[in-house]
Amino acid sequence: MSVTAPAARSGGSPSIRRSSVPPIYTLAGTCVLVALLTMAPWIVPAEAATTLMNFFILVIMATMWNLLAGYAGMVSIGQQAFIGLGAYATLYFALKGVNPFLTIPISTLVCAVIAVPVTFLLFRLRGGYFAIATWVVSDTALLIIGAIPFLGGGTGKLMPGLQSLSPTQTAHDSYLATWIVALVVVTGTYLLLRSRLGLVLASIRDNEVAARSAGVNVQSARRMIFVIAAAGCGAAGAVLAISQPFVQPSSVFNIQWAAEMLFVSMIGGLGTIEGPIIGSIIYFVLQQRLQQYGVWYLIIFGSLAVVVALWQPRGLWGAFRDRYHSELLPVGYWIREPK
Amino acid sequence: MSEVLLDVAGLSVHHGQLCAVDDVSFSLRRGEILAMIGANGAGKSTLLRTIAGLHKPSSGTVSFDGEDIATLSPNRRVRLGISLVPEGRRLFSSMTLEENLQVGAYRANEGPFNIPRIYELFDWMGGRRKQSVWQLSGGEQQAVAIGRALVANPQVLLLDELSLGLAPIVIERIYALVPEIVAQGVSILIVEQDVAQGVAVADRVHCLLEGRTSLVGAPGDLTPEEIDRAYFGANMSSATPSDGTNE
Amino acid sequence: MIWLNVVIQGVLIGGFYALFACGLSLMFGVLKVINLAHGDMAVVAGYVAVFLTPHLHIPEVWSFLVVVPIFGLLGYVVQRTLIQKSIDRDPFTTLLVTFGLSVVIENLLLEIYTANGQTVNVGTLITRSWHPTSNVYVSYVSLGVLGVAVAVLGILQLFLSRTGTGRLIRAVADDREAAQLSGANYRHIFGIAAAIAFATVALAGIAYGMTTQFAPTSGGVNLLFAFEAVVIGGIGSLWGTLIGGVALGVAQQFGAHFNPEYQILAGNVLFLVVLAIRPQGLFGRKTALS
């Protein structure tokens, strides 16, 4: 048996890159966008700023849900537990006299701490049973909080500490707080997925048994992601409580948040950073357009999510990425063969 | 009634990127016992499962009685006359012995085998039919698995690794039944890691190595050295290492 | 004697929970699918009974005779189309699809019928009850529902253990591939299991409508109860689901006795405690656990 040498190649060995788009473009584009969004309250009308703010809140939640489901493989329909807990933690500290804006990091931490023992209960179940159990946890949190008169009970309470400023100032501050949290969450997730933990997650997602035998502590990784996602949702809840200053259990613990997170991530593209953002954009556009028709936008969006799940499970961004082989916020690696 | 019952031509099966079966061809004649031997991971089980309809081949054909069965689902193939006794027995653990047989007999083909006949073939079963199968020993479970497949009255019986996890004396007793089954008009394709058993019971032997055919022939025509080499890919019985290269 | 009434009320509602839950349990046992729209199917059945069967000149109390078979057929069709397609992808997809369907159904009902509460009209029967002692009230309708629940569970258990199709269903639940190799068309069996699940939950939905007001979002809260009943009783056991339902019902009634606000919470707490101490439930096998 003889071995023939391959035809002479120019170039050399294959290279491994993060992105197919030169990073300088992405970085430049991002900087411009960040600058624009930071100045938004001063350049766009107040209504648009409020819409943007709600958009950011959705992006935070969807990014966290995507982290749980798309990267760690845990489908949760109970993240609203931590949205609610984050909102009520903020309310609690505000009632005790702390500036609501300063409570945001505290609320985030509170949610992270609560999430840890919750994982010990929840991780006894898998798949659909895990999903419904997260809902039970959320329901329980709602009922417990709703029974505490100090926090307003079932009827709710107005967030204190915001009345001293003028309405425009409050609106500006709320916007900035929400924008900063969104930026931190998305950037943080991006960096997380590019880190070693991100690689660990990808290995668990692709083949859990192989990952385990390569020494990966699957349970720890999952636990960490669940806690991070809880913290992120807690932060979303905190800014939500500040932006809609009347805090009510039925609104912050509403399963509607779960539906929105899920649909947005599915349609945008599970397992990508850009997906939740794109999904949120579509969601908001649809909502604005169909506002006058009641809940039809939700029906359409939900049906779209079902269709996407069955026929294009990688979502819109996933399809784009597969077709054009480019990413804006790459978290994986591309191997480029020399020509 | 043609002579060739099962015909496999140029069959290749992939598990993702791994090629488990690579361009394998053989045929099973009526009333014949064909033994498929090979080491662990040689592709034998994948081959049987593909014939039974659980895997889709990437290329090649499987024909039964002259007709291509590529589009048929596993349960349709059972109706046609191909029954697989899967590796590891795979009995229905929440059910009794009798219930396991009854599942196999549900809408079975016409033929010599029914549940009372199975109780004759395995005389110990009748008294223990109401026992849950997880209470049975490995050999007993293997017998029930064979019974469950027989009760559908197949023309081709596929046996996957009968001897796995069983004591030698139990293996012998099970293999003693094989000629009886053939006598009822069933052709058998048996997959075995245990070369001695496979060679002893078969009319013809087909050896697989890493998914490819390495040796074909009747047991009487093959020497132990040839079988060794085909099985392992090297001559293990020879003392000098330089003999180990294969073509 | 108050406690006796609490227990009796718990048992009465427990039977209803079990009827609601047995479809969920069956779908998971056989198809390995959690149908997050399970509760909403019950509510849809309620709406069909209240708004659509009158067009057939059938009194609402007998509507189940028509609605239950229709839902059985619907279950078979939905399984052979949507659900099978989801299963073919991965378990993930079934969760997402059924959750999506749940939200779509609830909001469609909201748009069409508004958020007003509805009930299934059973005439004067709703007011009649049995008073063995001064503290114990047994509503005839609730007792009827318990009777129906036990009867349905009993028939289902007989069907699974004695008939050929029932055996096939159990076989597919045990080992789908081995069942295929024994000649079972597993997609058809899945369809039958789904049909049974939809039919029983439709019956449960109509029963619910007879005793309580229902609204578009009622499906969600009942799904939660059904799920809790299954986990408490043990995944994989029909009679376990009945015991689980009763345990849940009794726990809820105890909670309600102290403070009406604690009713659902008491059930949730029992669920979480069982999850912490004995995750496979009272009668369950360890199959749904990690």
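So that you can tell them apart, the chains are marked A, B and C in the order they are listed, and the count of residues begins at 1 in each.
Quick note on the criterion: contacts are C-beta pairs under 8 Å (C-beta built on N, C-alpha and C of every residue); 3 or more make two chains touch, one makes a residue touch a chain.
In this text, all values refer to a predicted model and were calculated from it rather than measured experimentally.
When chain centres are set by their Cα atoms, the one at the greatest distance from chain A is B.
Overall, the chain located most centrally, as judged by its C-alpha mean against the mean of all protein C-alpha atoms, is C. In this assembly, the C-alpha centroid of chain A lies 52 Å from the C-alpha centroid of chain B. Annotation: 44 Å between the Cα-based centres of chain B and chain C. Once the centre of each chain is set as its mean CA position, chain A and chain C turn out to be 33 Å apart. Annotation for chain B: no residues touch two or more other chains. Contact residues on chain A toward chain C in their complex (touch as defined above): 69, 73, 75, 77, 121, 123-129, 131-133, 135-137, 139-140, 143-144, 146-147, 154, 255, 259, 262-263, 266, 294-296, 298-299, 302-303, 305-306, 309-310, 313. Against chain B, the residues of chain C that register as touching in their complex are 164, 167-168, 170-171, 173-175, 177-186. The residues of chain B lying in touch with chain C in their complex are 52-54, 73-75, 78-79, 83-84, 86, 90-95, 99, 102-104, 106-108, 148-149, 152.
Across the interface of their complex, chain A is touched by residues 28, 33-34, 36, 82, 85-86, 89, 91-97, 99-101, 103-104, 107-108, 110-111, 220, 223-224, 227-228, 231, 235, 261-262, 264-265, 268-269, 271-272, 275-276, 279, 288-290 of chain C.
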